[in-house]
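Per-chain residue numbering starts at 1, and chain names A, B, C and D are given in the order in which the chains are listed.
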Amino acid sequence: MKIKIIEAELNPWQEMEHYQANMTTLSGKFGATNIFVGTMRDFNEGDVVTSMTLEHYSGMTEKQLAKIIEKTEQQYAILDVLLIHRVGLLLPNQPIVLIAVWAVHRGDAFDACRNIMEALKSSAPFWKKENLIEGSRWVTKNTQGYQT
Amino acid sequence: MSITVRYFASLSEVLNKSEEKLETTTALDIKEVWNQLNPDKIMPNNTLVAINMAYVEMGQTVQIDDELAFFPPVTGGAL
Amino acid sequence: MKIKIIEAELNPWQEMEHYQANMTTLSGKFGATNIFVGTMRDFNEGDVVTSMTLEHYSGMTEKQLAKIIEKTEQQYAILDVLLIHRVGLLLPNQPIVLIAVWAVHRGDAFDACRNIMEALKSSAPFWKKENLIEGSRWVTKNTQGYQT
Amino acid sequence: MSITVRYFASLSEVLNKSEEKLETTTALDIKEVWNQLNPDKIMPNNTLVAINMAYVEMGQTVQIDDELAFFPPVTGGAL
């Protein structure tokens, strides 16, 4: 299990390739990987968003994410988790978060990945500030993952 | 002997501070800490509170040397 | 939308990087990507599996996968889908299938990806034959994605 | 004038053939095609059938020049 909070740009595919190449003890043991990548959009609530600043509570973030993953591991039969979240200044089309879950069966991989993502949104101490064409605003509404 | 108090995101902007210390020789409850440090500000209804980087309920007692944090609802992940 | 049936080894991360680099019209428009990767295990039903042969009905496979994706697009607000499935001889730890779904919101990405995967398993004309230490056997039981 | 008939996976192994043609001047129903080509074999209960690469029910009629396929339940994707 690995949790990383990074300021540098996030390339989810390179991270996946690298992490999985080092998962040698699980080679041949997992049948399912579910991955979620959240990416910065250039619009929100009808406005153009030019960039975003992601603040976090360094220290608590890592503790809270570890708690979320441990709880998820108790709930689902999963083998490994990789979670990377960016902080600092983000530009549109840049990935914000990567969550990857490895399991023997696909049901656990899907459920656990979604579960981690929902728990992250509701309890990990990150705050987004959107920079608009004029001015900036804190994001206050946390959309539900189950809406369409 | 003191309690470290931290504020994040919009709450930090509104209060115009991000960290301060409250000198105290006794444990205090969370609302007392807020009221001593922010006597003229009402704590927003949706404020979240953590002690030593773990969420706590508003009724919790803050011990000497604890780190107490106030912050608005979190908004990480993807939209 | 892209569907590929390949005999060569599948590198999901390179495929994702390459496909997304060419999704220029969607740049800044998607907020969520959900990806499923199915990987060959070295065990199944208590036996060591040394390799696997994946047969398919060339022509019908592509048609059936396109139908599945079109139906999913009608059901969920998704922006793009990439689906790659291997056929031929596979070795343990090699990826079998990649399904990636891009959407504005994460709920749609998760739901649609899972939906495509379940529909693929129940209706796309692929058949697995497992090669064991002694002999080989056709896989007949299709596990449910919702089991734990 | 004929119908092309294909068999896949375990069914192809059991029957020891993967493709054949049935000469006919009229449309036939699926079971007739099977019985003419495999007179001594009972079609397995879980056999799936496609005409021109689309799933059909067993009661469907096969037209001349159609491609008819018989196969066992599919097992693609990940376990």
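In this section, contacts are C-beta pairs under 8 Å (C-beta built on N, C-alpha and C of every residue); 3 or more make two chains touch, one makes a residue touch a chain.
Just so you know, these numbers come straight off a predicted model, no measurement behind them.
Common neighbours of chain C and chain D under the contact definition above: A.
Distance between chain centres (mean CA atoms), chain B to chain D: 71 Å. In whole angstrom, the spacing between the mean C-alpha positions of chain A and chain B is 26. Separation between the centroids of chain A and chain D, computed from CA atoms only, is 47 Å. Within chain B, residues 77-79 each touch two or more of the remaining chains. Multi-chain contact residues of chain A (touching two or more other chains) are listed as 31-32, 36-39, 41, 104-106, 117, 143. Pairs of chains that satisfy the touch definition comprise A-B, A-C, A-D, B-C, C-D. Partner chain D is touched in their complex by these residues of chain C: 36-39, 41, 44, 54-57, 59-60, 63-64, 85, 96-97, 117, 120-129, 138-143.
The residues of chain C lying in touch with chain B in their complex are 31-32, 104-106. Of all residues in chain B, only 6, 8-10, 13, 50, 53-55, 69, 71-79 touch chain A in the complex they form.
Here chain C touches chain A in the complex through residues 11-14, 16-17, 20, 27-43, 76-77, 92-93, 104-110, 113-114, 117, 143-148, going by the rule given at the top. Of all the residues in chain D, the ones that touch chain A in their complex are 77-79.
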